[in-house]
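Some structures are shown below for you to check.
Shared chain: chain A. Partners: chain B in the first complex, chain C in the second.
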Partner chain A sequence: MTPALILDLLLCVLIGAVALSAVLARDLLAGIVLFIVYGLLAAVAWVRLDAIDVALAEAAIGAGLTGILLVGAAARLRRRGEGKNVEPTRGMRRAFGRAGQLALCAGGTAALIALALTLPRDGAGLRPLAEQNLAASGISNPVTAVLLNFRGYDTLLEVVVLLAAVIGVWSLTPDRFWGGVPGLRQHARPDGVLAYFGRLLPAVGFLVAVHLLWAGADAPGGAFQAGTVLAAVWLLAAMAGLTDAPAVSSRRLRLLLVLGPAFFLLVGSMGAFAGVFLGYPPSVSTASILAIEVLLAISIAAMLSLLVLGVPRRLP
Partner chain B sequence: MVSIMDIATLAFASAGVAFFVAGTLGLLRFPDVHSRLHALTKADNLGLGLIVIGLMLQAGSLWLALKLGLVWLLAILAAATVSQLIARAALTGRPHTLSRSDP
Partner chain C sequence: MTSAILFTLCGIALAGIGAFGLVAHAHLLRRILALNIIGSGVFLVFGGLGYRLPQSGADPVPQAMVITGIVVALAATALAVTLAVRLFEETGRTSLPGEGSADEHAAD
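Up next is the complex of A and B:
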């Protein structure tokens, strides 16, 4: 048994144990914290599988963003006095509910295992095809080439789904705050540690985001990861009271939100006139992909920040 | 063949792990928020630092070693800020809506 194998086995056991305790946790907040730990461990597992792109996305979005959205939801429930309502109903109904959940989970797991067993053993999949055409994509990171060129419509639809989610959150706004400022007013001490941290980290975070975006062309990274880092440092600055969210009726904010998807669609439509929707002419494919990635990262950062801030709760 | 570098790495990393174990033990066993934080910051700052020093010796290039050092620096900054905030929230006795675990 090599040390690497021992590490992998330990990781598998840990992921299973943390997942189980997240499901079984009685306290809502404890369950969410365990879910975040689960996401971070899953990111380590992706690193062990040499899938750095997926690991970055899992750590940033799976653990970080989803975690903070869940914490926000739990806080809202608790404020309304509904958070403790996780105690399930008693008696027969409870037993049937439990049995149903168990059957559903066991069935799902069995189906996944059966599916995994039917996969071809060599597991190359479409990889040779992607690598053959890498030169034509204008980008040397195969993951970015797949995401923005070979299967660009997947990424386009993902971003549109995020935009729809933001609109969905906004539609829950109470009438009197419609068009107002999302999130609560922050009361950080102007000379406190958070204010200092909020000034220091955005500079580092901005550099990291630009690096992730630029490196995405030939190494792991890309618009989603860069957008998440940008959103995180902006939220930190907002939490430190250094800046405030704009009103959702702000034209500039709305422009920022649609900038990435709109440009993506525009370039894709020009490709449609030339023959293929979302197909870039080879001479400008590198430039097109880079421009789309930069604008997408900005829009994604705005969308994720607004998702975390939630519904408008004050007037501008 | 074990070089002096490898021995140094082992020594630093083991010392780091010892700090992490002690910090975790403190987190689990200490009675209140402040003493738990006190235990945890030792693990975060010194434990991680010792492990990073151990890894720097294996980095092979100065650039990679500097990046590892940067990771440590960022972790220290974040840990210092967050522990200040937690400590202050526990001190004012007006816990954030979320940190209230009693019914």
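Up next is the complex of A and C:
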């Protein structure tokens, strides 16, 4: 056993233990905090798998934004007077039920592990193919090349899914707040820690986002990571009460949301006239991908922030 | 045993842990959390399988698809959380009808 393998083994055990405690935690909020810790550890696992792009996305989206979303919802349930939700485990029937569930999940896991061990150990996957065509993609980070060129349709559909989710969330607005401002008005002590970080971090975060976007062409990073960092610092400024969300009826906001997907679709359609949908002519592929990425990052930042803020709760 | 296999197995175990959380809890937020752990475990399996030949580096295709997956998982989580909060505001319930603890049913 090499030291690296021992480190990975310890990491796996730690991730499993934290996941188990997140699921079994008695208190909902404790479970959510453990889930955030779990997301950060999973990001370390992705670094160990040599997938820095995924590690960035997992830390920012999987742990960060999902965490805020769940904490916000739990706080909302608690504020509205939901009691502690400790599930009673009394009764033989319930105990048997629980044992059955445990047996089913453990059995399924064991079967999948046995199956995974039979897989060939030397699958190169699609890496050789991606590397052969990397020069033609106009981008030298293979992950960005797959995201925006080789499998551009995945990414196009993904941003449309994001847009659909925003519309889905908005459609759950109570009637009286339709067209209003999402989230609650935030107040923070002007000399407190939150207000301080709300002023300090957005400037740093903005630079990090621009760097991630620009570096994403030939190093880990890209539109999704940059958009998430932008969304995160904007949310921080909003939580510190320094800025406020626009009303969802705002035309400018809606324009911002569709800007990235619409431009992506436009460039893709131009490719269709030149031969293949979502295919870029090699002479302009670098410029096309960079332009798409900049606009996508802006739209993704807006969509992610709105997803986290939730339904309108105030009139404009 | 290589790191890739190790993380693949870890991912499967995480999906199992998440599946248990999904069936064992009635509280909707806990179910959403458990679903996220299942998803993240599946992603890790994908990542592990894409790293079976470490000397030639990680396969970029699973990486790109996992990034897509993480974003879609957030979108689904946001919609699910909004639905759960709305259900709670309308009915005072935190679980689906026919499930949940006895005390919760008593409040109906």
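We take it that the second predicted complex is superposed on the first by the 275 of 316 C-alpha atoms of A that agree within 3 Å, B and C clash if a C-alpha of one lies under 4 Å from a C-alpha of the other, contacts with A are read in each partner's own complex, and residues count from 1 in each chain.
Criterion: a contact is a pair of C-beta atoms (placed from the backbone, for glycine too) under 8 Å apart; a residue touches a chain by one contact, two chains touch by 3 or more.
Keep in mind that this is a model prediction, so the values were computed, not measured.
Asks: Please determine, from the superposition on chain A, whether chain B and chain C clash or fit.
Replies: Superposition result for chain B and chain C: fit.
Asks: Would you sort A:D8 into first (chain B), second (chain C), both or neither based on which partner it touches?
Replies: second
Asks: Pick one for A:A75: touches chain B only (first), chain C only (second), both, or neither.
Replies: Only chain B; A:A75 stays clear of chain C.
Asks: Look at A:L194 in the shared chain and tell me whether it touches chain B only, chain C only, both, or neither; answer first, second, both or neither.
Replies: first
Asks: With chain A as the corner point, what is the angle to chain B and chain C based on their C-alpha centres after superposing, as a multiple of 10 degrees?
Replies: After superposition on chain A, the angle is 90 degrees.
Asks: Is A:L304 touching the first partner chain B, the second partner chain C, both, or neither of them?
Replies: A:L304 contacts chain C only, not chain B.
Asks: Looking at chain A, does chain B or chain C touch a larger number of its residues?
Replies: Between chain B and chain C, the winner on chain A residue contacts is C.
Asks: Once the shared chain is lined up, is A:V204 touching chain B (first), chain C (second), both, or neither of them?
Replies: Only chain B is touched by A:V204; chain C is not.
Asks: Figure out whether A:F224 sits in contact with chain B (first) or chain C (second), or with both, or with neither.
Replies: second
Asks: In the overlaid three-chain picture, find the nearest pair of C-alpha atoms across chain B and chain C and give that distance in Å.
Replies: 13
Asks: Find the residues of chain A that appear in the contact set with chain B and again in the contact set with chain C.
Replies: Shared contact residues on chain A (touching chain B in one complex, chain C in the other): 74.
Asks: Sort out for me which residues of chain A touch chain C in the complex.
Replies: Its residues touching chain C are 1, 4-5, 8-9, 12, 15-16, 19-20, 22-24, 28, 31-32, 35, 38-39, 42, 45-46, 48-51, 53-54, 57-58, 61-62, 65-66, 69-70, 72-74, 76-77, 80, 82-83, 85-88, 98, 101-102, 104-106, 108-109, 112-113, 116-117, 119-128, 130, 142-143, 145-147, 150-151, 154-155, 158, 161-162, 164-165, 168-169, 172, 174, 222, 224, 300, 304, 307-308, 310-311.
Asks: Which bits of chain A are touching chain B when the two form their complex?
Replies: 27, 29, 71, 74-75, 78-79, 84, 192-194, 196-197, 200-201, 204
Asks: Which residues of chain B touch chain A once you look at their complex with the stated criterion?
Replies: 74, 77-78, 80-81, 84-85, 97-98, 100-101, 103
Asks: In their shared complex, at which residues does chain C touch chain A?
Replies: Touching chain A: residues 1-10, 12-21, 23-27, 29-30, 32-34, 36-37, 40-41, 43-45, 47-54, 56-68, 70-79, 81-86, 88-89, 92, 94, 101-104 of chain C.
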